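Below: the structure, in structure tokens.
Each chain carries a letter (A, B and C) given by its place in the written order, and its residues are counted from 1.
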Amino acid sequence: MFDYTFQWRQALRYVPDLMDGALVTLQIAVLSMLIGGAIGIVLAVGRTAQSPWARWPATAWVELARNTPALFQIYMAHFGLGSFGIYISPYAALLGGIAFNNAGYLAETFRGALRAIPETQTRAARSLGMPPIQAFRLIVVPQMFRIAFLPTTNQMVWAILMTSLGVTVGLSTDLTGVTQDINARTFRTFELFALAAVFYYVIAKVVMLGARLLAWRLFRY
Amino acid sequence: MLETDLSLNDMMFLARGAGVTLLITAISVAGGTLLGIIFGVARMNLGRVVSGLLAVILDVFRSVPLLIQLILANAFQAIAGLGLQPFTTACVVLALYTAALCSEIVRGAIGAVPTTTRRASRSLGMTWTQDMTYVVWPMALRVGLPSWIGLVLSVLKDSALVFWLGIIELLRSSQILITRLQEPMTILLIAGAIYFIISFPIARLGGHLERKWREND
Amino acid sequence: MIEVENVHKSFGALEVLKGVTVTVEKGEVLSVIGGSGSGKSTLLTCINGLETIQKGRILVDGTEVHAKTTDLNKLRRHLGIVFQQFNAFPHLTVMENVTLAPRKVLGMGKTEARDIAVQQLENVGLGDKLDVYPGRLSGGQQQRMAIARALAMSPDYMLLDEVTSALDPQLVGEVLDTLKMLADKGMTMIVVTHEMKFARQVSDRVAYFHKGILAEIGPPEQIFDAPQNAETKTFLSSVG
């Protein structure tokens, strides 16, 4: 057992490359959360709408996103759309797949948060002369964000972890992609991926910590 | 798209993949749940230091991508000369991953049982074991079961990643067919539908239980 | 002037207002009393258009509330309403609660809205709570804030829906004092209330609602000392 020499020094040489990869990972995660969050709000409102034309597609999106693997969703973006002769780059496929997934999960988070805000809040806002959209924007949405904040933060961490799937469609610029690229040249699999694991762990912790500080700043009430 | 070269043999191939997916999920969930309960209860009853250490270790499984965990475990077993089959490695990793998530559910569920209730049962002369068996467990089960069903579903979906170790589960088998038949959309849709058919009823059951139990409270 | 003409209102099969007619003059204080489910609170939410009606019409200064062409958002600027549940906006400070609508609905500048808010909040005795979040206030303070919030829109009318019902007994007085002060200033008010003593003191007229019908209306002396209607008598003796 263990007739293997760990080559940590060699692996550590690649830290700057992993750093570049980590930035791409963060970029994809942030973008996927922004896109997913915006769509998620629309889906959350759509799922509670009266009209079946709004409810049905929103429900379908949410159920598909939550009941199939994220990897499947990324494959759909990459190979599936590819079959229509549209070329989807690995980056776009990964971003699209994760954004699709985020939107489905965030929609449910937002829907739960919306339900938690009493109808009387809207009534009070309307009776002060606010039109429906204004009442929603100024009174409902800010309160919704507070309730949804923690689950949304967890989703952000999920999004970061999910970006590692990009390597399966050939992405080589994110943290996992860069690691795999170097691995293919050096065969220091364990050392390199252990290093990548540390990177992911630190990023996840920093995001959680940042979110906690942000919550403390934002939600004084 | 509707014209397809997909043969009955190919469908059987996909079905076998689905079987592998289900088998890995079942083994991992069974092992992971058992471990998760042990870890969860341990974290609530051991000293601060041990419990804190356990918390940090379990947290690592939740903060590192599963794909990386699989790659690391596989590399490690090769280095250590354990000679494990990829299937075994995959099950061990998924079970540990499940255990990490499950221990949180267990902790949350036990924590949701009011201290006053537990004090009442202890003051009736029940032992710790009796208190756990007759009072805490049934109450915690109601709180934890919907989340646990959610966990089962996420393990089912996450098990797709074991293809990296060369295991031909559902998604990997669909990819093999895609390479051969060049009909990505059709094959992916079938694979997606199989996932959905397995997953959706379980998700509904979880939602149903959650609603039913909330109404009774 | 608020004119309610033969208003019918149903929630599904349940008819809560069965042809109510009443007029409130400028500067008048009308108290509305009656048992729970008598439709008295529904009347208020119909007047400011939060609820639709099935029959009849309601005019506020000549504008028909439920006409399709009526801009309800504009109309509601003239109708302040305060609810039983205070409905404070929990994510905004007391000051922000009060300045929000003047700024966003009336398009008032920051300083102007602030000045008005400070004045209104001082009037209701919350001058020292400007930057506090409602969660830190007592029920009575939250309710007084809600009154100040409605007043900051400079409404012509105030609709008060059982504003003391959700309060602990020792907090009722401070809110009623605020309402008395408003009445003394000549604010036109419709006050749905269970506080009979208060109704007797401040009202120009008192209306008794029974099962969706305006059973009796008149000056407080008549309603409380010499009720004409048998139902009114029964109700008043039951509430002591």
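Methods note: a residue touches a chain if its C-beta (ideal position, glycine included) is under 8 Å from a C-beta of that chain, and two chains touch if they have at least 3 such contacts.
Predicted model, so just to flag it, every value in this text is computed and none were measured.
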Distance-to-centre winner among chains (Cα means, whole assembly as reference)
A
State the chain with the largest centre-to-centre distance from subunit A, centres being mean CA positions.
C
Between subunit B and subunit C, what's the gap in Å when you average each chain's C-alpha atoms?
55
Between subunit A and subunit C, what's the gap in Å when you average each chain's C-alpha atoms?
47
Centroid spacing, where centroids are CA-atom means, of subunit A and subunit B in whole angstrom
20
Identify all positions of subunit B at which a residue touches two or more other chains, and write them in rising order.
none
Please list all residues of subunit C that touch 2 or more other chains.
none
Mark out which residues of subunit A touch at least two other chains, giving numbers and ranges.
none
Residue ranges of subunit A in contact with subunit B within the complex
1-4, 63-64, 66-72, 75-76, 79-80, 82-84, 157, 161-165, 167-168, 176, 189-190, 193-194, 196-197, 200-201, 204-205
Sites on subunit A touched by subunit C in the complex:
120-121, 123-131, 134, 138-139, 142-143, 146, 219-221
Under the stated contact criterion, what part of subunit C meets subunit A in this complex?
48, 50, 73-74, 76-77, 79, 81, 83, 85, 87, 89-92, 100-101, 104-106, 133-135, 146, 149-150, 153
Okay, in this complex, where on subunit B does subunit A touch?
1, 60, 63-69, 71-72, 75-76, 79-81, 153, 157-158, 160-161, 164, 171, 175, 178, 183-185, 188-189, 191-192, 195-196, 199-200, 203
